[in-house]
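Structures follow.
Shared between the two complexes below is chain A, which has chain B as its partner in the first and chain C in the second.
Let's look at the complex of A and B:
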């Protein structure tokens, strides 16, 4: 069937070539995990910055002793962290100590929410964890940074003003982590900060 | 093709097919070729241009972009907070002397960086634009500001402090990204300097 009627052949070729180009772009976009156009309120670069900031806060607080103070910021009478409501952890703001102020300076003022969990070895040898700060369920774009703090048997629990009480964790009957070691190490607490943009 | 009605008659014998002949003699007419070509090539070029604009960095070496600045600023910020300004064994704890030396002309031998320009000290190519600024809240009262090394008082103060005069070192170096304009990429880290948590901000473009 030979004909020399070439009606819209070039137009059709143009349309088909465009479709090939566009489908190649769509395919490439679907192949990559995260692009600047992904359905997300955040970008990979911002998530990296939040994670590094969280790790920097943990590292700085560990270096200055504020992280350990926050881990031992325990009210023995009410068996919860100092100045928390009935739930036992901080919900509306950072802990009222130096670690909390560091979190506040870097995150609260920039509209970034965070949870802080404390993981430790439980009495049976398994993993236990408790919440220090809980501001809600993290979004899908949350990032995490952790730091490990060893707690020794003669480390003292801190009062609500950040001063040592004189009671060591080994003497305390209500401290959230139990004595998991035979030697001088009482327990090893893993501080986990989960950060996401509101 | 002249097969209409073949199903209505059922699948009986194999009927001979009627081949339809070409109705137009070859080479007689080429309808609208020029207009047609113009339309087709326009559609193609438009979609090609759309794809080139849509995919960022496709023409990277020929046009200025910020794609390579993203990992570079991350690396510089990581390097500064974990190694260059302190000790890799104690990341995020900055050294008093080496931190201020980054912004001064002379560098003590024990610091992890050398060279004279900021680009050489942080390890980026000479034609890269990089600005490093340290901010913090030393006084504990108002908001954060750029830090300043007070040589007389041997302490870090904020820029607005009365102790920070012209002879002291402001902890910022590199061209000002505000005045140069264009796209920038920034990376920030938190570290401990002299008992205070400070923010290291690296801006590249």
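Let's look at the complex of A and C:
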């Protein structure tokens, strides 16, 4: 009964073959982890979209003058941005000006968090920065967009209603950036918006 | 290849214990070989799928070369240079064109210096420098009454119909303020006209008032108009095409007109102010009397913008003339 004797060998071969198949299936599945089209918070498409939105907001705010107004939205008395708490920057919502309303329309209502930093050159030539909006530490999937805003010595600081106060940045003793430029250029502020999904 | 023929058929070995043994022995390995073949197919399929996914992944990667940043920088430069031109014209306010241009050059260089310092921390090197500028004239009147000019000396002009500038290629920031809408004359063809005439074609804007409604009529071969009902004083921004801040669709300044002469007609039919900049550095000697003033100004500035990253070298020239009709 030699053929009956082969029964065990068949079983063994079957087991080995199934193991080979199983490992091939596992290997093939491992090759496709998270793709750009997977619906997850790490989607590349979403990041691209958020970056474009942030850049679009900066561009249109710069065009309408709202970005410069926001950069100069400074309370000289309390030496912080208008209507902020003791920390000096906005934490739970956007700044109460046109740039803030643009951020609110695009991000706050979509459940997207953002930070806005203002970078400038300090009087000694080094780098300084201050927070305009800070909603927490960005996630690993955060994206950013930047815009450059020149500030001239005769640019006026804005009051909490968005009207020029009549005090220029050069006259102000408490403005966050100091006079670092030659000629009539007071400073150049780099507005950086960092965006991520909560 | 294994012999798959049934026992005892042609192709198989002769019937017998030995041949049956041999066939069964060869059939046994087909399971293992089959398993291998299917596994290899699966992995090959996965490889093909994965390369397709990788391609998609690459295709959706955001731009890393800095081309978008270069574009953003260019737009920031346009704003910065426009600010520098406005600063030179309004604050520096020198009567010498070279002084004005030196002022713009200095401020653009300061802007370039500071913005480069910030961008180099990310490995980007932007630079901007002034290439040249166009001398022009700033023409203003802030008397608040009729535009009638008793100091005209340009040939063919009288105090009521006079030339603003001649040989003009372009005009920017042209706005007319109407202090009293009821002053806009309504009788006959006596309303205020602004005329741009290149010798063969004519662009004409008239401003009139009927029963509290102001009509801005544009004649450019054909006649079109827009209306506005003012409650008090308002501005017509001629080059921007707006009336009291709202868009006036037909108002497209000097459209289709070559190098033109610009003139007012029936200036007694308005009470208000005007201001404009023309690229004519020596306008007619119609200014200096009353509140009609002429000052040397920068009409436009051309800057050279470069933006360098490790993967990109971007260079372009940008002409900046804030408030031009096609701005």
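Everything below uses one rule, namely that the second predicted complex is superposed on the first by the 159 of 198 C-alpha atoms of A that agree within 3 Å, B and C clash if a C-alpha of one lies under 4 Å from a C-alpha of the other, contacts with A are read in each partner's own complex, and residues count from 1 in each chain.
We take it that a residue touches a chain if its C-beta (ideal position, glycine included) is under 8 Å from a C-beta of that chain, and two chains touch if they have at least 3 such contacts.
The model shown is predicted, which means the values in this text are computed figures rather than measured ones.
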item	value
Which superposed partner A:152 touches (first chain B, second chain C, both, neither)	second
Which superposed partner A:181 touches (first chain B, second chain C, both, neither)	second
Touching partner for A:106 - first (chain B), second (chain C), both, neither	first
Chain A residues touched - chain C or chain B, whichever exceeds	C
Chain B versus chain C as contact partner of A:8, first or second or both or neither	first
Chain B versus chain C as contact partner of A:25, first or second or both or neither	both
First, second, both or neither for A:45, with chain B first and chain C second	both
Touching partner for A:60 - first (chain B), second (chain C), both, neither	first
Touching partner for A:17 - first (chain B), second (chain C), both, neither	both
Which superposed partner A:140 touches (first chain B, second chain C, both, neither)	neither
Overlapping contact positions on chain A, where the chain C interface meets the chain B interface	2-3, 6, 9-10, 13-14, 17-18, 21, 24-25, 28, 36, 45, 48, 55, 59
For the chain A and chain B complex, residues of the former touching the latter	1-15, 17-18, 21-22, 24-25, 28, 36, 45, 48-49, 52-53, 55-57, 59-61, 63-64, 102, 105-106
Contacting residues of chain A [partner chain C, same complex]	2-3, 6, 9-10, 13-14, 16-18, 20-21, 23-25, 27-29, 31-32, 35-37, 44-45, 47-48, 51, 55, 58-59, 62, 119-121, 125, 127, 143, 145-150, 152, 154, 180-185, 187-188, 190
For the chain C and chain A complex, residues of the former touching the latter	17, 20-21, 24-25, 28-29, 31-32, 34-36, 38-40, 42-43, 45-47, 49-50, 53, 56-57, 60-62, 68-69, 72-73, 75-76, 79-80, 83-84, 87, 91-92, 103, 106-107, 109-111, 113-115, 117-118, 121
Chain A-facing residues of chain B, complex	20, 22-24, 26-33, 36-37, 39-44, 46-48, 50-51, 54-56, 70, 74, 77-78, 81, 90-93, 137, 144, 185, 187-192, 195, 197, 199
